[in-house]
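Below: the structure, in structure tokens.
When the chains are written out, they are named A, B, C and D in that same order, and each has its own residue count from 1.
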Amino acid sequence: MDSIKAENGNTAILLIHCPDQSGILATVTDFINVNGGNIVYLDQHVDREQKVFFMRVEWELKHFVIPQERIAEYFDTLYAQKFQMYYRIYFSDYTPRMAIFVSKMSHCLFDLLARYTAGEWKVEIPLIISNHPDMQWVAERFEIPYFYFPVNKDNREEQADAMLELLAQQRIDFITLARYMQIIPEKMIEAYPNRIINIHHSFLPAFIGAKPYHAAYERGVKLIGATSHYVTAELDAGPIIGQDIARISHKNTVKDLIHKGQDLEKIVLSRAVEKHIDRKILTYKNKTVVFN
Amino acid sequence: MDSIKAENGNTAILLIHCPDQSGILATVTDFINVNGGNIVYLDQHVDREQKVFFMRVEWELKHFVIPQERIAEYFDTLYAQKFQMYYRIYFSDYTPRMAIFVSKMSHCLFDLLARYTAGEWKVEIPLIISNHPDMQWVAERFEIPYFYFPVNKDNREEQADAMLELLAQQRIDFITLARYMQIIPEKMIEAYPNRIINIHHSFLPAFIGAKPYHAAYERGVKLIGATSHYVTAELDAGPIIGQDIARISHKNTVKDLIHKGQDLEKIVLSRAVEKHIDRKILTYKNKTVVFN
Amino acid sequence: MDSIKAENGNTAILLIHCPDQSGILATVTDFINVNGGNIVYLDQHVDREQKVFFMRVEWELKHFVIPQERIAEYFDTLYAQKFQMYYRIYFSDYTPRMAIFVSKMSHCLFDLLARYTAGEWKVEIPLIISNHPDMQWVAERFEIPYFYFPVNKDNREEQADAMLELLAQQRIDFITLARYMQIIPEKMIEAYPNRIINIHHSFLPAFIGAKPYHAAYERGVKLIGATSHYVTAELDAGPIIGQDIARISHKNTVKDLIHKGQDLEKIVLSRAVEKHIDRKILTYKNKTVVFN
Amino acid sequence: MDSIKAENGNTAILLIHCPDQSGILATVTDFINVNGGNIVYLDQHVDREQKVFFMRVEWELKHFVIPQERIAEYFDTLYAQKFQMYYRIYFSDYTPRMAIFVSKMSHCLFDLLARYTAGEWKVEIPLIISNHPDMQWVAERFEIPYFYFPVNKDNREEQADAMLELLAQQRIDFITLARYMQIIPEKMIEAYPNRIINIHHSFLPAFIGAKPYHAAYERGVKLIGATSHYVTAELDAGPIIGQDIARISHKNTVKDLIHKGQDLEKIVLSRAVEKHIDRKILTYKNKTVVFN
């Protein structure tokens, strides 16, 4: 599962965005090089309109002279403040912890769990949360604790608190909504900013809200889509991570659209989860930079 | 150019939609068979929700016992009334006449004219109409008369009348808007119902109206699209004929989107024009049935 | 799971191919209509080069006057011989039985089983066969009997006999190879003609045989593909059912190709299985007609 | 047409590949920065298997202290030798000169010329060469000199010499084969290494050689493709630049494949030409690195 570590030892991943200035790239790569880090990945992007510099760099720590636990401090002191950087540092020896939220449909859940159990991703899934008991049997099949939180208008706040407590207790890093059909309470979004991944079953911004396949059928589109995005306070309006489409025709009923769409949804969601686990997504304002 | 005719002689194309009842398909094919017509194409579709039957059938007229000019009359008397059919009959020895409307951009215009001059389509293009003089040189290169109708708020009605007169005089069958950046007046839509093909530079219904690439960039989508549709009174809301998309990333500026989108636009528009020329599109309510 | 039955009762599905002659379509639809069958699906295709007519028609049996068990006999006597038809008749109240063959990789297996347990398909999966013990745990998770047949050069024949006996005993209708990395013995192909579905991890006919992703990487292609096909005696040369591709770039290693390819493989395979279950595939010579 | 220049003045584009060593990226970016160059584009790639470093960097020359005509010399002396670099330097104020070779089909030719006359590309097209007179009229329409070189078995060598002389005289930088149906002589390939762009009408390596659509039809594939590549001595085996596909079905005849394929061919070819003009393609062994 952890082939990068096995081959090359532990790596550090640095994600940055900051006002664009000449010399940043050279400065950061120089910092890594002179301190004995071997760069194994580098990608950068400059948004020339916003004048913002984005970068993802990953290096091997084996011969790096700064101790792992002090890299952030050094980097902050020497560069981050000077360049007004927003940055995050991750290490490949840490396995992120993901919670899955699900309602009644199994296709995304199965796809996530199949990859998980096959060791495709470096992630832990300590729990599944649902507002329905329907998917309990799937959780049991994969031996993952399933927590049933029936949510209604009256208990929304308490249930959110209970869920947040559970998530904190399980040291959850991010949440994947595998067709979870409930509005996420604002306090949860604030607790997991750009860390809640949703799959919406349309090519956003078309067909926001409920029943997008019915709306697509009504409009007579010739393509259906799916969109993965981070959840923000505004419904279906968060930063888009990925999108894909499938061709349909006049022969397809709403039922066909729903059926065809499920393959799209699961693949688009899983790709987004993978990018998130790989620390390859940077968000800025309401958009994402997704590195290859 | 007209290989079907050369090989098989003249054919009749019958497009039908009517309330679904058992036996329609057998009745129509039987009508053709017993009268000596050899069916060379048949496709049908039943919308089970609306309970509507759609059909396209094409047959060789060489041994058909009913004279070409009386087929419509016979068909009407014997079947159309009985089954409450909406139908149209076309003959392959007639070449439809298309007008192109264009504003300032050349990519769709060039694509249409390249296919036309290469003999790819069985169509005549007697004229190009524009609200700008910019594309005159392209028209000249292809030796097609170019009519410049400067349209503004005050002369909209008179110009529409003048255009309609020209279109009638040239016996235009249908109009293709090759990125024509003007609202089509209602009287023109009424004169050419489901006969004005537009290309909109987004995957409708996302980004209706002006500057869809700017809106797509703002929203941070990962796909851009193009949509061909028949023009109706409501802006960008007519029956969709075809759609396609291209992948974009955070690296792409608005200028890139516009540039990438042009390839989409011209291909999606030309495909729609081809389907229209081939009599393969049926419209019902605000949707299309597009046969292969 | 069986919504068609629930709504409309049992249906008959007739698949035909025969030399093209005028009147076949009318004759067959008439046969169904006059005997009280309500057609719920009809698609046909004429291969004008080979002069072969293909048809799939499905009708409700509720008011059909010919008893279900005698339809084949009547059809054969009245039409099949006259038109030299190759035909098959299926009934929607029968659930086909599928065996899965697998080696060491789980992605296709999980995708098939997730759809199966979610009730997406009208199919029974009574057993999984493998030449390795590795996937036993997945079978157990889904409570499906797993049979381990270690195959080597010396025991190929006996193992094939043993497998065939097991398949016969379990009344298996068709076999899906979910990345089964063994040549299928000829006697098995003869026992299941056009009933063994394989997924090959390239866009055939490119990269036939072993290690196609390595070959694709070596060649520097910009697309990778997957192909579902029926197994014939010639390796990777059977009738193609479906294909799809994914974009790659110079950044992708062989490992990336293998990883990206897995999503393609599982979706392309599952789509083929679905078409087969729905009786929507006709084979003729070495090609397929796949109805929508 | 030349908006980059208009906005930012002249830029230098440096393309490099060399054995991978730590510090190259920092060294090169530092060289540009300390000498007053403002980097407007940077992309790099490390092939970890081959241990080769690839880079494309573009910077504004306005405040760059090294005079334009001496940059190559300085770079060579200071870095290229030290790092065993293969490199090329281009300047945005030079407009590359492209020759088009064509045979009898117009679709790719029209697409190239439409973009050219619309000012989409920074390129000059001083001439069109053909082994047939058929496309003369298109050349005339776009006012581009058309040279007819009838090639046969006996005059192949002399014609190649005559063409090469013409190309040299016109200072042609690279050649685009717009469905030119003749083998390119080896001496021409040697004169324009990785500078002859071909479009092959299949997804290579499937269907190498003549009549790929016929072969695709025979094999019963469900996708057709097109591949742009640099021409090398081995037929259809040069470094692939880009590929794309279109979906087909059993309904499509060879004629349909040819027709559908033309849209693929022209778009895939034009994309490759654009990448080449933009100096975004690096070749190494028999593969390309194509930057975004």
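The definition used in the following text is that a contact is a pair of C-beta atoms (placed from the backbone, for glycine too) under 8 Å apart; a residue touches a chain by one contact, two chains touch by 3 or more.
These figures come from a predicted structure and were not determined experimentally.
Engineer: Please identify the chain with the largest separation between its CA centroid and the CA centroid of subunit A.
Structural biologist: B
Engineer: Out of C-D and A-D, which chain pair has the most contact pairs?
Structural biologist: C-D is joined by more C-beta pairs in contact.
Engineer: Need the CA-centroid distance for the pair subunit A / subunit D, whole Å please.
Structural biologist: Roughly 37 Å, centre to centre.
Engineer: Please tell me the distance, in whole Å, between the geometric centres of subunit C and subunit D computed from their C-alpha atoms.
Structural biologist: Once rounded, the distance between the two centres reads 42 Å.
Engineer: Going through subunit C residue by residue, note those that touch at least 2 other chains and give them in order.
Structural biologist: 48, 249, 251
Engineer: With touch defined as at the start, can you tell me which subunit C residues reach subunit D in the complex?
Structural biologist: 45, 47-49, 54, 203-207, 219-223, 225, 239-245, 249-251, 253, 286-290
Engineer: Mind listing the subunit D positions that touch subunit B in their complex?
Structural biologist: That would be residues 106-107, 110-111, 114-115, 117-118, 120, 141-142, 249, 251, 259, 263, 267, 270, 292 of subunit D.
Engineer: Touching subunit A in the complex: which residues of subunit D?
Structural biologist: 22-23, 25-26, 29-30, 33, 38-40, 42, 44, 48, 247
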